[in-house]
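Look at the two complexes coming up: chain A is in both, with chain B in one and chain C in the other.
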Partner chain A sequence: MTLLQLTLKNLSRRRVRTALTIMGIGLGIGAVVALLGLAWGLEASWTDAYKVRKTDLVVRRSGGGLIAQPFPDSASEQVAQIPGVSQVASLLTEVLSIESVPMMVVSGRQWQSFLWENLKIVSGRLPTSADEKVVVLGTLAAEMLEKKPGDKITIEIDEFEVVGIADGGAVVENGAIMISLPLLQGVMQKDKMVNFINVRLDPKSRDPHTVSQVIQQHIPGCRVDIAEEVLSQSDGVKTFKAMNWGTSIIALLVGTFGVMNTMFMSVFERTREIGILLALGWKRSRILRMILLESVTLCFAAGIVGIIAGIALLKILTLMPWMQGRIEPQITIELLSLALGLAIAVGVASGLYPALHCTRINPSLAIRQV
Partner chain B sequence: MLARLTTLLLLAATLAATAQDYTAEQLLAGVKAARPSGGIYARLRMSHTPAGSTKPEILQVQVKRRIAPNGHSEHLYQLLFPANRKGEGLLLKISDGQFTGSSHSPSSGTKTLQPSDRSLGLFATTLSIDDVIAEFLDWPSQTLTGTENLGNIPCHIIESKAPASSKSTARLVRSWIDAKRFVTQKMQVFGSDTTRPLKTVLTEKVLRNKTGYYLPVTFTVTDTATGAQTTVEGVRSDSDLTFPDTAFTPEALQTLTTAP
Partner chain C sequence: MPSPSAANAPLLEIDDVRREFDDGQVLALRGVNLTIHEGEYVAIMGSSGSGKSTLLSLLGALDTPNSGEIRYRGQSLSSYPDLGQFRAKHLGFIFQSFLLLPTLTALENVLVPMFEMPWSRPERQRRAAELLEAVGMGHRLNHMPEKLSGGERQRVAIARSLANEPSILLADEPTGNLDTQNAAQIMDLLRSVHHQRKNTMILVTHDPAIAKTADRIITMRDGQVVEDTQTHPHTAIS
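Presenting the complex of A and B:
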């Protein structure tokens, strides 16, 4: 009988206890998968939007949350003059409650800028001019608002016609209402104000970090982020990720102590058996390996259960109205590997002390134990 | 050792007493200090579930409000959504304790509101006109009647009795005030029967505003007789605005304009 077979046999002796322990640590791993899937998803959902727009740098006002405070649009002309900058596009982004939807991104885009290029029309058309009182809906936004081309939509006090449904190539784009910048500035009474400037760099230009420093020097009070890092630099996202990690670690700690308790109970019940194995000539290192393997096997199984539970939870969360159009949870190989790695680490951590305890057993005393 | 322990116990007792020993006046002063004054623009999302129904009706509402230090107040509520009711509005004014107002509907025009209309639901929701104009905590009779934990929030209960001259439909209002943040967490509004509330108001979400005060941003009003419910959610707001006098006239009621 191999060590693995022996391990599986030992675990199957107390099936209910093994199953309950797997469930316990599995829930912890499930929490890791769900919470990190959400945190990574939030970051990726917004980063994807910049990727599809082929934006290299994002200029915004320092401070503020995910949606930055507005500043005069004239800054975009200054940015356009900076060497290394190829194209600029101004954006006024607002999160508004639209009709029956509690929160929706409304994206006012500079007319004829590259911000319209990534929109692939699914039905209808794009606006024909900056003044045309129309909007284009992302596919998800159209679904949430139950609108099709030709329908009317109310944004604050103004009514617009939906002229097209577009696939923006990213969940944030698909969950948004796209409108020309001057129209949204009018609706929000923010004449000539924007809150983001998207920048495309000249492919032959210096590295983005150097250009971003030059922009920051030219426009006081602004902050320039590399597009892929916009979200990871946000204080709100940092807090969200820290909270998720904190919750995951607590769940894993609880699970670790649960497994340790199970392993100790298992070891105490088998003190006599372990004594016999030692008396038969088993090395103490082999006993240590056997107990550790039991603990790791238990946690590996819990890892699989946790991954399934975490994915199921994320799928359910995706259906929630407050998630739609904002976050697409990330279920990546990295996340699953991390979850499984954590499960194995928990197995080692929780099995080490009971295993070391076993190696200190005196065979002659253990055999006499009833 | 004993001396140290005694000092610690005394300190703990003093701190506990400080937390408990609020007078009604102190609590009311805290709540009133948090109230935004001057001109305010707010966008509300109201979700109304009529009695016996499970499907809520969503309303998008804009509010303009101006409060003068002498107690005069003017309120303009206008409906933005649903589209078929867009433009419905209410102009409400309180001057020297007297209520005047007008209602407007694009289909039936503008009408003058009567004092008896105070009990009407705001856009046919559970929130009544009286709820938005009557400042229960400004009534002269305020009594601190006890404390109670709402969830994990310790609250002080204040009973406000309507003065005989009050035209409000409420005769008694019981408010649960979170004394740490000076936020009303729950209200029971009673009519002439002070044993059974006409409606309850429960605060669901509280946010800290720019000036550091806490304000309820989401609350649910329940009609205890019918079970109808309206959840009012503050979507965004802007304070310290200056409205022209023309912003609170029956003519302004007929047109939709955003904040100045």
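Presenting the complex of A and C:
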């Protein structure tokens, strides 16, 4: 018999209470997995989009959320002149309600820019000119809107023809409607305005940080981010992540007190037994280890339950219309390790006080308890 | 197990021990002086509240005196850095209400004290099974305490008390919860264990018939030793 076997026997004596405690903290861990999976997924989904576009730098206005405030397109000409910049592509991105889909990314792209290069036509074709009143749908967007080439689509009050379905290579691209920049500027009444400039650097040029500093100096009021860092630097995403962490911490705190309550009830019920163990010569440190091991085992099991619940929740969320095409949740080894690590930390935190209480038990009095 | 050369050497010396509770309102022991030798079988008698169980708790290092000293083989118990280790290595306890752990089998209950010993797991298993066999419980190794009769539970408790080969067995009313037949069997077993293992046995009882089986009877009243009688010559070791 090992200490772990003894621990499992102790936990299995009140199965319903143990199961309910596991469910309680498991839900907390599940919330962590789901919320962080979403936050990390949001970041990764947009970073993937920049990767497939082969964008090195992103210029936008300082502040703002995921979709930045617009600024004059003339800035793109200034950016193009900066040494080390190879290509620029202006973009007006809007999140609009399109027919039955409540939120959909509409991406107005500079005509003949590299932003059209990553689109692999699955059916139909690309537009033939900047003025042709047509759109291309990402594969996911076509699915959500139930459209095929030849169908009509209404953006705000203007009607467009769907001429092609394209695989953009990233979930954000596949969930979007692609349209030429001047057409979207017209629909949104934002003439000659853009909210992003995608920049490709000359491979032989200086490092991206230096170029971004130079761009920032030339265009006051704008910020320039390395493509992989755009999302993590966005105020909106920072807020989203902070809220997710906040919710996760509250869920974990609730769980911690739940486990602590369970452990206290458990050790109070077993005061006499702990007194017996002390009378039989068990070191107080071994008693402490046993109670901590019970708490950690409980939370480890809750961690497994939480991970399963979190993944299930993410799978359900990805089926929701407001999620599709915008976020692909990230279920990574890092996330799962973090969830299990947090579960174990909760186990230690919630078991420590009851365990210390046990080490102060007087065996002579404890064994007389009825 | 004591060596023959240790015969009749003082094992426990109790020197003017006092124990009070509730800030001195209850005087459980009022200056007890005793010497218990290697291999002795001592019965401590007395009515309820006489202080016999308090004395047993102090001898078992489960409690500490307010004043006075208890020495084990000449070393004061207060000088031991870890009384838990002292209990694990030198003492075996048998309680009136058995105090087996309810979630563990008979075998596992006997294994519990062995956690503190430097034996391998197979070695512990073997020792525990042998002890249960020796107390007539070899056929019930994997039974839970709730499936055992009172007499059987006390046999398991006796096996557990012997787990770490203690030099002293402390039994607190070991037959108090048993019927006459089972009580007689348990006392036979305890005497047999004492005779074979030659360890010191200190037994608390209020039953004169049981006390008469001991080499020596110590009678307590109001927290003091009022009588100390040698009933049989002490032959356990010598």
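One rule holds in what follows: the second predicted complex is superposed on the first by the 370 of 370 C-alpha atoms of A that agree within 3 Å, B and C clash if a C-alpha of one lies under 4 Å from a C-alpha of the other, contacts with A are read in each partner's own complex, and residues count from 1 in each chain.
Note that a residue touches a chain if its C-beta (ideal position, glycine included) is under 8 Å from a C-beta of that chain, and two chains touch if they have at least 3 such contacts.
Values in this document were obtained by computation on a predicted structure and should not be read as measured data.
**Student:** Mind checking chain B and chain C on superposed chain A, clash or fit?
**Tutor:** fit
**Student:** For the superposed arrangement, I'd like the angle with vertex at the C-alpha centre of chain A and ends at chain B and chain C, nearest 10 degrees.
**Tutor:** 120
**Student:** Looking at A:D235, would you say it contacts chain B, chain C, both, or neither? Reply first, second, both or neither.
**Tutor:** So A:D235 meets neither chain B nor chain C here.
**Student:** Go through the superposed model and pick first if A:E117 touches only chain B, second if only chain C, both, or neither.
**Tutor:** neither
**Student:** Tell me which partner A:L96 touches in the superposition: chain B (first), chain C (second), both or neither.
**Tutor:** first
**Student:** Contacts for A:D207 in the overlay, against chain B (first) and chain C (second): which applies, first, second, both or neither?
**Tutor:** Neither partner.
**Student:** Residues of chain A touched by chain B versus by chain C: which partner has the larger set?
**Tutor:** Touching more of chain A: C.
**Student:** Of the two partner chains, chain B (first) and chain C (second), which one does A:Q189 touch, if any: first, second, both, or neither?
**Tutor:** In the superposition, A:Q189 contacts chain B only.
**Student:** In the superposed arrangement, does A:E77 touch chain B (first), chain C (second), both or neither?
**Tutor:** neither
**Student:** Which partner does A:K152 contact after superposing on A: first (chain B), second (chain C), both, neither?
**Tutor:** In the superposed model, A:K152 contacts chain B only, not chain C.
**Student:** Determine, under the contact definition given at the top, whether A:R13 touches first (chain B), second (chain C), both, or neither.
**Tutor:** second
**Student:** If you've got the overlay open, could you tell me the nearest Cα approach between chain B and chain C in whole angstrom?
**Tutor:** Once the two complexes are overlaid, chain B and chain C approach no closer than 40 Å between C-alpha atoms.
**Student:** Following superposition on chain A, which residues of chain A contact chain B and also contact chain C?
**Tutor:** Touching chain B and chain C on chain A: no residues.
**Student:** Could you list, by residue number, the parts of chain A that touch chain C in their complex?
**Tutor:** 1-3, 6, 9-10, 12-13, 272-273, 276-284, 286, 362-364, 367
**Student:** Inside the complex, what are the residues of chain A that reach chain B?
**Tutor:** Touch residues, chain A against chain B: 96-97, 99-100, 102, 152, 154, 156-157, 159, 187-189.
**Student:** Touching chain A in the complex: which residues of chain C?
**Tutor:** So the residues of chain C in touch with chain A come to 57, 60, 62-63, 82, 84-89, 91, 93, 95, 99, 101-104, 108, 111-113, 115-116, 121, 160, 164.
**Student:** List the residues on chain B that touch chain A in their complex, please.
**Tutor:** For this pair, the touching residues of chain B are 43, 45, 58, 60, 62, 80-83, 86, 233, 235-236, 256-259.
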